[in-house]
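The next block holds one structure in the form of structure tokens; read it before the comments.
Labels A, B and C are assigned to the chains in the order they are written; within every chain, residues are numbered from 1.
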Amino acid sequence: MNREVRSEEDRRITSRLFILLPITFCAFVGGLIVWVAHLIRVSIRMRDVPNASIGISLVAIPVFLLMLGVFNYLYWGLLRNRR
Amino acid sequence: MPRWGMVIDLDSCTACGACVLACKVENNVPAVGPAEAAMGRDIAWMEIIPEAKGAYPDVRMRFLPRPCLHCDNPPCIKVCPVHATYLDPDGIVAQVYERCIGCRFCMAACPYTAKYFNWHGYSCERTANGGANPDVSMRSRGVVEKCTFCHHRLQKGRDRARAEGRELAPEDYVPACAESCPTRAIAFGDLDDPGSEVARLSRSVRAFRLLSELGTEPKVVYLTESEEETGERA
Amino acid sequence: MRGLDEARDGHLLRPILGTGRGTVLAMSVLGAGVLFGALSYGKQLRDGLGVTGLNQPVSWGFYVTNFVFFIGISHAGTLISAILRLTKAEWRRPITRMAEVITVMVLFIGAGNILVDLGRPDRLLNVIRYGRYQSPLLWDATSISAYFTASTLYLYIPLIPDIAILRDTVSRRRWFYRLLALGWTGTPRQHKVLERSMGIMAILVIPIAISVHSVVSFVFSMTLQPMWHSTIFGPYFVVGAIFSGIAALIIAMAILRRAYRLEAYVKPIHFDYLSRLLLVMSLLWFYFTFAEYLTGFYGHEPEEMKVFWSKFTGSYAPFFWTMVVCNLAVPVGILSFRRLRTVAGCVVASCAVCAGMWLERFIIVAPTLANPRLGYAPQTYLPSWVEVGETVGCFSLFILLYLVFTKFFPIVSIWEIQEGRTQGVEETVERVRSYLPDTEPASVPIAAGMRALEPKEVPL
């Protein structure tokens, strides 16, 4: 029963549906970085305390990138070590 | 660039309320009705605050006409999340009604309680009768508004001066409250112009600024002979 | 892969396999609550914020209170679960997922409350287009996004082996579980990847969680208003959040234990341990509150004292003193005594704490606004039915979302219970042995010595 499940599983896993998970997360984090960069640009253009935007982006963006890294590590780690 | 400021002489002010009314008429401030006003939702860009000190029979009353004080270090603009309120180059704290999302953070941050919210989309009935001021935009429901030092009058004054090929004169830009005061208690002008009446009065011995210890640097200066204000001389 | 031990843990899959009458009834009641909330908000959308009891100057009321309260509850989950995992507390095993789900679901409600509070929600995109990072509201937006992402990840990662169990045993929605199981087969290397990811997230989620409620407190403390502009607000709010979070977790545990017959998994000892933490947080909360008010009172600044007396003897006194009773007297009175630390006693204390913490947020928001600096007379604020309806809707929606989660995933972590039965016991025995002095000579390295010891040689 397990072997049947496993081969069927392999088929499903190689299907493109799985790749959506890391792609969605990457898109989310990417979008966030774009947004923060946009806000920095707006604050510079309006001459309105760019330090606040830059300071916060220096903390927030690494945190999100770290989470993206953890998810990718998990995703690829699980898919690679199925045997 | 000029720094527009106001000096209000509390010793001349009779608290007649003409400034309050003139402001409301000039700026299309809606009348909210008695029920809403009883709930505390009256919108009065210029408001007269009665202050009582002491207990009967030694009560000392003071009436404080309080417009927006147009601080040079405004606490309200720091907390706005969307650039809907900002300090413009003329020194006027401006309000962008079309961008305001109605979070009311600026209202919570203003120590002078000078900002008002449009709770119900109160309509300005005067529009129907053609009595509204066409120079001032009507505010929609759910945005914050406040005294603008009649900024529209500044724009009109500048346009007129430019059309006539001359500099802006003090008579060209007078807010409605200053214009309407029967005792001429409200003076308005450029605080940075050393020759202006406002600059001279703001350096008077009787001058003080409200809540000056907070560091907001308001551009509305009050004059009074009362000795209690010695600690707050401008 | 270690499959599901049907005989022992099959019970945990029952909510997923079928829906009983109790669930349908609960969903109907909660659905009615959500509908009430939706109707209230609909009225507000139609007629404006004027349908609330808000006014000038009390322009923030129930909605902001709810926002702070629900974000506070979110500290339950992830923080408790992360701390218990990092300290290797074995008693965490049945309750970590209950805690993590609280966090993920309640963040929706918390953020939703800010949307409800806006005068122009249709202009929400202005925050994206023109956002100003000088404003604490933007700090909120960023921090809560980070926390939501982190806690979703932190809920999902330990869920994967259980999703694999579902994939292999349940016939409904198999494609869904197969997708989310990420090809889990239970190999040792997969276990290592999983545990390492869990470890990193457990460490990462703690500073994010602390930043979230600090930033929420900064919304108040960055203004110049009396009794708001206080440096204690950051830590005060975090302590209050953890406090209310533990209480919410205890209540959730009790309800789930009764509803899904989890008495074998969620035992009185879990309530005992958590309520000891609750007792400690109650005393800690009281210490912060006392320090805050003593400082204000001692300084005796007139504008601060206006707000102070409004809370102590004025119109907000009933709320303030009820809060003190609920947050201090009831939890300390019940939880200090072991005989009273039963499941029922813990739940009573937790309900009191939740009510008390809601009141605490309320008396932070309203009295300061009601007593503005200039010579105004204090303004009263009476919430309208719209605000009450929205609050009811918030609670109902949160519980409903939680209930829906339990219908899709097991609320007790099956693989961690199984791991606890074997590995957990072994590792704990080894660990305790390693704390104690052993009888081996000093030349033998401790690590090798541990394995080489015969049980009878070690004085236990």
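In the analysis below, contacts are C-beta pairs under 8 Å (C-beta built on N, C-alpha and C of every residue); 3 or more make two chains touch, one makes a residue touch a chain.
The structure presented is a predicted model; accordingly, all values stated were derived computationally and were not measured.
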Next on the checklist: Of the chain pairs A-B and A-C, which one is connected by the greater count of C-beta contacts?
Outcome noted: A-C
Next on the checklist: Report the chain whose CA-based centre is farthest from the CA-based centre of chain A.
Outcome noted: B
Checklist outcome for this item: Whole-angstrom distance, CA centroid of chain B to CA centroid of chain C, is 45
Checklist entry - How many Å are there between the centre of chain A and the centre of chain B, using C-alpha atoms for each centre? => result 49
Checklist outcome for this item: In whole angstrom, the CA-centroid distance of chain A from chain C equals 25
Checklist entry - Which positions in chain C touch two or more other chains at once? => result 129-132, 134, 138
Next on the checklist: Going by the contact rule already set, what residues in chain A reach two or more other chains?
Outcome noted: 42, 48
Checklist entry - Residues of chain B that touch two or more other chains: which are they? => result 83
Checklist entry - Inside the complex, what are the residues of chain B that reach chain C? => result 36, 39-43, 49-52, 64, 66, 75, 78-84, 99-105, 107-109, 111-113, 116-121, 140-144, 210-211, 214, 216
Checklist outcome for this item: The chain B residues in contact with chain A across the complex are 83, 86
Next on the checklist: Help me check something: in the complex, which residues belonging to chain C touch chain B?
Outcome noted: 47-50, 53-60, 114, 117-121, 123-124, 126-127, 129-132, 134-138, 219, 222-225, 369, 372-376, 379-380
Next on the checklist: Under the definition above, what is the set of chain A residues touching chain B in their complex?
Outcome noted: 42, 46, 48
Item to check | In the complex, chain A residues that touch chain C | outcome: 2, 5-6, 9, 12-13, 17-18, 21, 28, 32, 35-36, 39, 42-43, 48-49, 52-53, 55-57, 60, 63-64, 66-67, 70-71, 73-75, 77-79, 81-83
